Amino acid sequence: MSENMHPNNARPVPFRGGGFRPVAKRGAAIIVFTTLILLAEWGTRTGWITNLTLPRPSDVATTLIDLWRSGLLWTHLSVSLSRLVVGGTIGITAGIGVGMMIGLFSYVRAGLIPVVAALFPIPKIALLPLFVIWFGIDEASKYALIALGTFTPTIVSTYGAVDNVDRTLVRMGQSFGLSWWSIVRKIVLPGALPGILSGLRVSVAIGIILLVAAEMLGAEYGIGAYILQAGSLYDLERLFAGVLILSVLGITTSWIIGLLEKRLLNWRG
Amino acid sequence: MSENMHPNNARPVPFRGGGFRPVAKRGAAIIVFTTLILLAEWGTRTGWITNLTLPRPSDVATTLIDLWRSGLLWTHLSVSLSRLVVGGTIGITAGIGVGMMIGLFSYVRAGLIPVVAALFPIPKIALLPLFVIWFGIDEASKYALIALGTFTPTIVSTYGAVDNVDRTLVRMGQSFGLSWWSIVRKIVLPGALPGILSGLRVSVAIGIILLVAAEMLGAEYGIGAYILQAGSLYDLERLFAGVLILSVLGITTSWIIGLLEKRLLNWRG
Amino acid sequence: AGTKLNVGALRFTSHAASFVAFERGYFDAEGLDVEFKFFQAAQPMAVAIASGDADYAVTAISGGLVSLAEKGAAKVIGGALSEEPGIDGQKILASNAAYEAGLTSAKMLDGRSWAISQAGSSFHYMGSKISAAEGATVSFKPLQKVGAIIGALKSGQVDAWSIVPHIAKALAGGGAVKIIGNVADYLPNYQVTTVFTSADNAANKRGQTEAFLRAFSKGADDFNAALVDKTAGDEAAAEMVKLIHKYVYADKPLEKAGKSIRNGAMRINKNASLNMASVTDQIDWFKSEKLIKDSITVDTLVDPSYSEMM
Amino acid sequence: MDLTLENITHRYDGLTVLEDVSLHIPAGQILCIIGPSGCGKSTLLRLIGGLEQPSAGQVLQLGTPPAGCLNPLTYVFQDFALLPWRSVGGNISLVLEDHGIRGAAADKIIDDVLARTKLSDFRAALPRQLSGGMKQRVAIARALAVNPAVMLLDEPLSALDAQTRELLMEDLIGLWQRQPFTGVYVTHNLAEAVRLGHRIAVLSRRPGRLRDVIDIDIPLGERHIGDPRLEALQTRLWDAMKQEAMAADQELLHV
Amino acid sequence: MDLTLENITHRYDGLTVLEDVSLHIPAGQILCIIGPSGCGKSTLLRLIGGLEQPSAGQVLQLGTPPAGCLNPLTYVFQDFALLPWRSVGGNISLVLEDHGIRGAAADKIIDDVLARTKLSDFRAALPRQLSGGMKQRVAIARALAVNPAVMLLDEPLSALDAQTRELLMEDLIGLWQRQPFTGVYVTHNLAEAVRLGHRIAVLSRRPGRLRDVIDIDIPLGERHIGDPRLEALQTRLWDAMKQEAMAADQELLHV
């Protein structure tokens, strides 16, 4: 059509943009999960996957339903959640506090960063025997383990976030004669909040992972204890049921932090 | 002095800047560590800290020296390192690959991000019994555990890094007619490198932490096995010696990644 | 070269029969080319049998082992360590704090806490049986690792535990805990550990399995003669200790280790005979605790065709 | 090679950004596009260069690009778009590599364009070592390296400080005088438009419509700061646009 | 309240940035400081406001600030420095809170300064919803709220586009005309300097030395785009600075 309106040598400019901006397609995840589960179900039913390797998904579902019906799901979940909440709160609060100090004071920074770096790669399960002596075998040791596990990553993300607070905002505060404490409260803390919250995702995930380690010590109830017992009895259905619960717990907390971010950081648009 | 040169009401502008820029003071860390160690030594010597709570630092040092003299240190360290290197390489390479795919393709992103989110909070130690069935009790299962542990965090940091590559650079590449593959190789990959490397720090730290879990499975040698054995005998000197080695290992790898960053990212200045 | 075999083992005196059979060439004589696979705990060893990473092993009957048997992956083919009245066996321990508060014998267990590694472990079974015999209610504390249990006991956070004699004596000798009784008084003829293998080996490799058991039994006989019945004389005993020291407490000097090894000597059943009464009792207990499925019977677990069933 | 825009309309998820823009871009001249913030200038330039596809209408190229032209439509971006991990030379060779030009052939081109942009001494420098003005010169050198038929410049000076802007404007005029190129030059800056444009297209506030096209007859070489004819033109443009600019500035962004 | 700079020299780890600068800043007038990139203009302003301490020399304030002045020396920053998590009103109340001004008293001040900067409708808006020009207006309103004796402006317009810059310049002149303030205005832009400055201080390339101080007698209200006297002055300044600006632009940064 345009051939008629223009000389023969007129042609549209070729398109060469687009791409490199993957957009999440809703529903794809559901398809992936469904496929994986159906594959496992089919494999275990035909015997192509032995029952030593993987439990039958439908059996895991049955186990979960039974667990829920018996009321034990809530028992396990509630004690685990309370451990996660108490231990996590202690660790995260302390971590934010220490992280802020590192971000604000030269001497604290110089003294503590290497200590944190040295603490980070220590596997918490290696210290279990010590935790028994230090904190006993009751709730205290579980809180302590989760607190210690969430403490170091929170420190690292917090002082990183404080370091990233726009210094021109701080200079602005000083130029208007704001007090040191006002600057910390009104500029540094809110400015560090996005970094702190995104660090929280990692800390909470680590907290959930450590539930299992924490419940190695004299725990009768709790998702971790449930998983450990299933493991020691080589009861794959229950093992997978427990792992599934932890996985859902992890996704839920990450979603809650997402909500929190939306609310607290609505100024980011 | 200036009082004489100016009218009485002349006075210097008050200084109100400075601060909020903590600088690392060298040596402070050494003081902190020395103080902590001396405190522990003094406490254990006077009996103020019981020998159930903390080993005497000098005894830990002796244990370390004995371990070194006996040649066992290298035995333990070399097997652990080879596990870390092989498992870590597998996990990190696969993680970078999958992360790049998530960063580049919509469908991969949509399908895999939720799977990764679901895998993340699963504690690897809970799966130990399964690993025996899946990968046996020899090196394969240790590699697999470390690989799996480093895999998910590497994915997350890699696709985050790809997402953060400046899209105007990509548009520039397209506007000069570069091929898709050229853009990925010459723009996306180097642009994502800083994020990938800083994610590597976390992945390697997790790898080190998982050494202990990996060596729960039929390992005779290895720092993790050494720690586990010390723990099961409640031998605090050896436990701390082992933990110290892991800690040093962690700091060393983080330092090596720092060097790598300096070399590869010298363009950042 | 003979048939290649992997034998799972823990570095405990209770595994001495295998070590003796290996060192003294009994395996070789049967045409078995044995290699040991060492484990930190019994549970992964059971899983390793199921996965084919190990062929034969000795361990206590645990919930995990029964579960694997139920999945058709493992079979018990003989007995090993036994409690026997008159022979120094496993001890009941009390923490110092509990002892001072009146826990001076197993009769006072009511309301006390009892340390176990995991639900369904032999510690759990013993504690449950002993407290039932005394009509006591005890709470069980799962602490996963022996090290954690020792720490908890020393610091008085759990009240009681039962453990093999050499650990018990070492702890009591150090003044850290008190011995308040013998397991054998409550569970006479308790079949502590059993020999087991994969279901495949049991069903399809009869010759090899029988050869293994023969060599194993010869090792057990030597061990019993040297350290349990002490009929072989002092020199043989010393030699036996030296042999075992290669595998157990290898990093401690012989003088120290020797005491522990001697203290830890308990009867290993002759000809790997299996005490069926004890096995049945254990399976019944697992069922009563709802740790295993009700449909499981002794036959699920045991292949009785290899050894004498007592 | 000329370009023709035919009734271009463009929408982003329902938001109309450009409406019915038709424009002819003759070869060998610089067309300046001015308009208030957010009126769709950058979008229009992306449409011209084929980086985006218009919702309606089309962009046509008339005639074939001259021989030796590696990339007919070539951009210079506001924020330079240099790869920070490549040296000045490497940033230029980047756009040659995909055309199979390497080694001595590439060196010849690179040396030539660096000389034309007075950057010969900085071939090995990394972008972070350069001032803003030098960075934009590298971007211009890179554009020259592919011997474009049309240069598309999206506010190339607006990230620079006033003095550097002045210097680079003189450089651009010098480059054009030595070898006239076809250019589409997007800017906010009326002073730049009257200094560099042979024609000036004025867009309205969003949705951008073509309000006016003004031709300036004074040769580029004769235009200087303080030329009263240019000042008069600039004042006229400013009067025409002030209301629109104010309205655009007072708009709340709905991010 | 006047300010006097006495032989100011400043060094950063051995790098001399400013050398022996002496300057008088009289009350009620705007002093513009111009100079090439990196010559120390921002540093000088930080020294004047007490955000940094000079390596040698001193900054003196003569006389006392007028009553009701909450913060005698008040900055307006190039990148606005608004707290993104506070609304327009909240950003202004921030600087009042520390002086114990809250509630109705604060509201009165906020309403007043927002009216003066034509922002009354945007009190509840968040910074991200504002265009660059509006953001800088908020920063100016915030500075006005503390009733400063001296306003220190560090390239307040250079982050804005050309048209918004023009609009805001007119606003600044309007503000000064209604209520003359003392101002120190740092800029690269010679056009801005000749439009806004009662005096212009010219700094040399780094290390910055005072090269020239020029007084302009034309009242602010009478200066317009295209005024030949201003154009002549601007051309004179540009000729004087061009070499320095070129040299500054060609310097390799050692980062």
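Here the chain labels run A, B, C, D and E in written order, and each chain numbers its own residues starting at 1.
Simple rule for what comes next: contacts are C-beta pairs under 8 Å (C-beta built on N, C-alpha and C of every residue); 3 or more make two chains touch, one makes a residue touch a chain.
Computed from a prediction, not measured in an experiment: that's the story for all the values here.
Path length between chain C and chain E in the touching-chain graph (shortest route): 2. By C-beta pair count, the most extensively touching chains are A-B.
Here the spacing of chain A and chain D, counted between their Cα centres, is 46 Å.
If each chain is reduced to the centroid of its CA atoms, chain B and chain C end up 40 Å from each other. Centre-to-centre spacing of chain A and chain B amounts to 17 Å, using the average Cα coordinate of each chain.
Under the contact definition stated at the top, the residues of chain A that touch 2 or more other chains are 16-17, 52, 128-130, 133, 171, 174-175, 177, 228, 231-232, 234, 269. Counting partners per residue, chain C has 43, 47, 50-51, 64, 145, 147-148, 151, 154-155 as the residues that reach two or more other chains.
In chain D, the residues touching two or more other chains are 49, 51, 73, 128-129, 255. Of all possible chain pairs, the ones that touch are A-B, A-C, A-D, A-E, B-C, B-D, B-E, D-E.
Looking at the complex, you find that chain D touches chain A at residues 3-4, 6, 46, 48-53, 58-64, 73, 255. By the touch criterion given at the top, residues 16-17, 19-29, 31-33, 36, 52-53, 102-115, 117-130, 133-134, 167, 170-171, 174-175, 177, 180, 183, 188, 205, 208-213, 224, 227-228, 231-232, 234, 236, 239, 242-243, 246-247, 249-251, 254 of chain A touch chain B in their complex. Put simply, chain B touches chain E in their complex at residues 2, 6-7, 9-18, 269. Within the complex, the chain E residues that touch chain D are 36-37, 122, 125, 128-131, 133-134, 158, 161-164, 166-167, 187-192, 225-226, 228, 231-232, 234-235, 238, 241-242, 245-246, 248-255.
On chain B, the positions that touch chain D within their shared complex are 168-169, 171-179, 182, 186-187, 190-191, 193, 265, 267-269.
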